[in-house]
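Each of the next two complexes has chain A plus one other chain: chain B in the first, chain C in the second.
What follows is the complex of A and B.
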């Protein structure tokens, strides 16, 4: 096929690579920054970059869900947690743990597994970006027909996490006499 | 290309004009509800140019950054708070036949997702100010957002279920008049939750001037403070327009073919009036009352609305 060589990239390919570089840079800054809140804000940039990637791959629905869940809720939750505990302005070196080498090994291992998996699964498959692949109808069809079992398993997992969070936050033993609160 | 530029130009013009109209309406409506006149001098006729004069005043003021503040985040915050509303306006349909900035396949998700990002601006402002009142305001903002995002989404999901589409023009194409009573509970939940996300009274505990000065915006002055105020008015416009599109039929009305845009503007204006009215009519809720209202009233109501929508969809299908 013409126009599908790595050496003659289309405009979309170029934008994809550029956004990827920005995302990578923001992710690196996120883990290296010594300012706690700056790290959270770099996380916003990194997650937003991934949303732009989804858009470029015509997965519009997934892109907006990414913005809604990760930027709108998860990062707000992270910032809320930081502000509620301690988030001084300026560097906070005491927040660095000594687990850096271990974290690096885990990150590299996870990245290695994911890259191997993706490369092995898709190899030289090209997707045609002129027709949308990720409209809400297509995602819904896929999710509730072909992948309904993993979807249900995930929702059970989330429910278990929810129940677990409630159990953990109840703090048994600190209950006052009489039990009712 | 010129078509796209024209559309974006119109969206930008609406973004610059409508919030100012709402702001001026707030001055006058609040004044008359409280038995006074409001601004009467600027511009001559009933003080119509008051907001322009305010803008000039804000532009002349010194832009102060506190010494202990995180300068970059502090300066960036107003833009993060304001820009999402501009982006959202692109997806809101004004009239029939594709009279919309850009028709999006998952428009409902798009607008709600981008609206959620605007809160990051308040959080950044509150943290970067290095002021305990600002931090308290930001904390309340975050808690409020997390509580009200869920009912907002659930109410919007009910409309998406009824219409069978996530696109905003698609929702309007599928609209029938009996949707208004059918989705009435959802509409009330959506509008109330939207008010809370905008931190408008009676849900303005995050900025409560009598308790925490002005919340996350305490340390701001000059143009950056004006940008936060503009974001609030733009938020009113966006919330009213979204409620009109999702629950009140947007451009539907007599002679919708020619006058559709007028119906849409009228419905948006009426809802904006209700937002201003709520500020005059109700006292401020406490932060804990705000939380309890979200989790014990709005979430169950939104779930009940979804159950009703789903039942009726299955029965009539």
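What follows is the complex of A and C.
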């Protein structure tokens, strides 16, 4: 396609940058907020923004899976974890540890290096988004033809994780009256 | 769409998660930061998959696997954090230092409940 310039963005570019700013702001608030529950809710905004990015990249199946699993179950699990560890509702002054300046320096250095490298590497690269590339039919074809064995292995792994979580969170040493555990 | 936008956004999100992992004290907040890093990696995978027009949809399928692995990881991680909170009474990662290398003379930190739990 002719007329592709870095400074003449298309509508998709504009929407992507705007949603990206929202996502990045929510992520920064998620890792800096002193309210633990607020941090979890900012995580919802950040992951939802990433789902919107998947939609903009025409990967709609991945977007809906992201909404269902991340927003639906992972965040609920995190909120349950915060409640069960008796997280304070108000601001908790001990949310950050003492090595916060070091973490800030490391993160800024990594961001600087990565952004410089990636902008230099992909300065002249465009994605063609005119034909969709991630409808559920296409992803299903790929998933159940080429990737069916890893898919089944992953289901076994999920089962193992489920059993592991149950075993870990069971209270030890207290047998019920029947003697069976 | 310019490829730089999703790639740079994924890098920035990853570094945000990196900061969270290093700076947070509550173990659940550390897990949330790990989730941010995983999501950034997923965005990268989808962007490169759409750019390269992969016939097998490797990037998107890997992203689906990544989401499932993230769900499994957060389940196991929260179970471990809850167990530690029940045993030690805290979920701050820098107070769980029983397995660290002794610095000078090993001494238990004062004021920690359940420093030597008796089963």
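The definition used in the following text is that the second predicted complex is superposed on the first by the 115 of 181 C-alpha atoms of A that agree within 3 Å, B and C clash if a C-alpha of one lies under 4 Å from a C-alpha of the other, contacts with A are read in each partner's own complex, and residues count from 1 in each chain.
Quick note on the criterion: a residue touches a chain if its C-beta (ideal position, glycine included) is under 8 Å from a C-beta of that chain, and two chains touch if they have at least 3 such contacts.
Keep in mind the model is a prediction, meaning the values are calculated, not measured.
Student: Should A:107 be classified as contacting the first partner (chain B), the second (chain C), both, or neither?
Tutor: Only chain C is touched by A:107; chain B is not.
Student: So, does A:14 touch the first partner chain B, the second partner chain C, both, or neither?
Tutor: Neither partner.
Student: State whether A:83 touches chain B only (first), chain C only (second), both chains, or neither.
Tutor: So A:83 only meets chain B here.
Student: Using the touch definition from the top, say if A:43 reaches chain B (first), chain C (second), both or neither.
Tutor: second
Student: On the A-aligned overlay, A:148 touches which partner chain: chain B = first, chain C = second, or both, or neither?
Tutor: In the superposed model, A:148 contacts neither chain B nor chain C.
Student: Tell me which partner touches more residues of chain A in the superposed arrangement, chain B or chain C.
Tutor: C
Student: Should A:123 be classified as contacting the first partner (chain B), the second (chain C), both, or neither?
Tutor: second
Student: Thinking of the overlay built on chain A, is A:73 touched by chain B (first), by chain C (second), by both, or by neither?
Tutor: both
Student: Counting only touches as set out at the top, which of chain B and chain C does A:163 meet: first, second, both, neither?
Tutor: Neither partner.
Student: If you lay the two complexes on top of each other, which residues of chain A touch chain B in one and chain C in the other?
Tutor: Touching chain B and chain C on chain A: residues 61, 65, 73, 77, 80, 84, 87.
Student: Please name which positions on chain A make contact with chain C in the complex.
Tutor: Those residues of chain A that touch chain C are 6, 9-10, 12-13, 16-17, 20, 23-24, 27-28, 30-31, 36, 39-40, 43, 46-47, 50, 53-54, 56-59, 61-62, 65-66, 69-70, 73-74, 77-78, 80-82, 84-87, 92, 94-100, 102-104, 106-108, 110-111, 114-115, 118-119, 122-123, 125-129, 133-134, 138-139, 141-143, 146-147, 150-151, 154, 157-158, 161-162, 164-165, 168-169, 173.
Student: Spell out the part of chain C that touches chain A in their complex, as residue ranges.
Tutor: Contact set of chain C toward chain A: 1-9, 11-26, 28-29, 31-33, 35-36, 39-40, 42-43, 46-47, 49-51, 53, 55-58, 60-61, 63-65, 67-76, 78-83, 85, 91-94, 119.
Student: In the complex formed with chain B, which residues of chain A make contact?
Tutor: For chain A paired with chain B, touching residues are 35, 37-38, 41, 44, 60-61, 64-65, 67-68, 71-73, 75-77, 79-80, 83-84, 87, 89-90, 132, 135-136.
Student: Using the touch definition from the top, list the residues of chain B that touch chain A in their complex.
Tutor: Contacts found on chain B: 68-70, 73, 104-106, 109-110, 112-117, 119-120, 123-124, 126-128, 130, 135, 138-139, 142-143, 145-146, 149, 153, 165-166.
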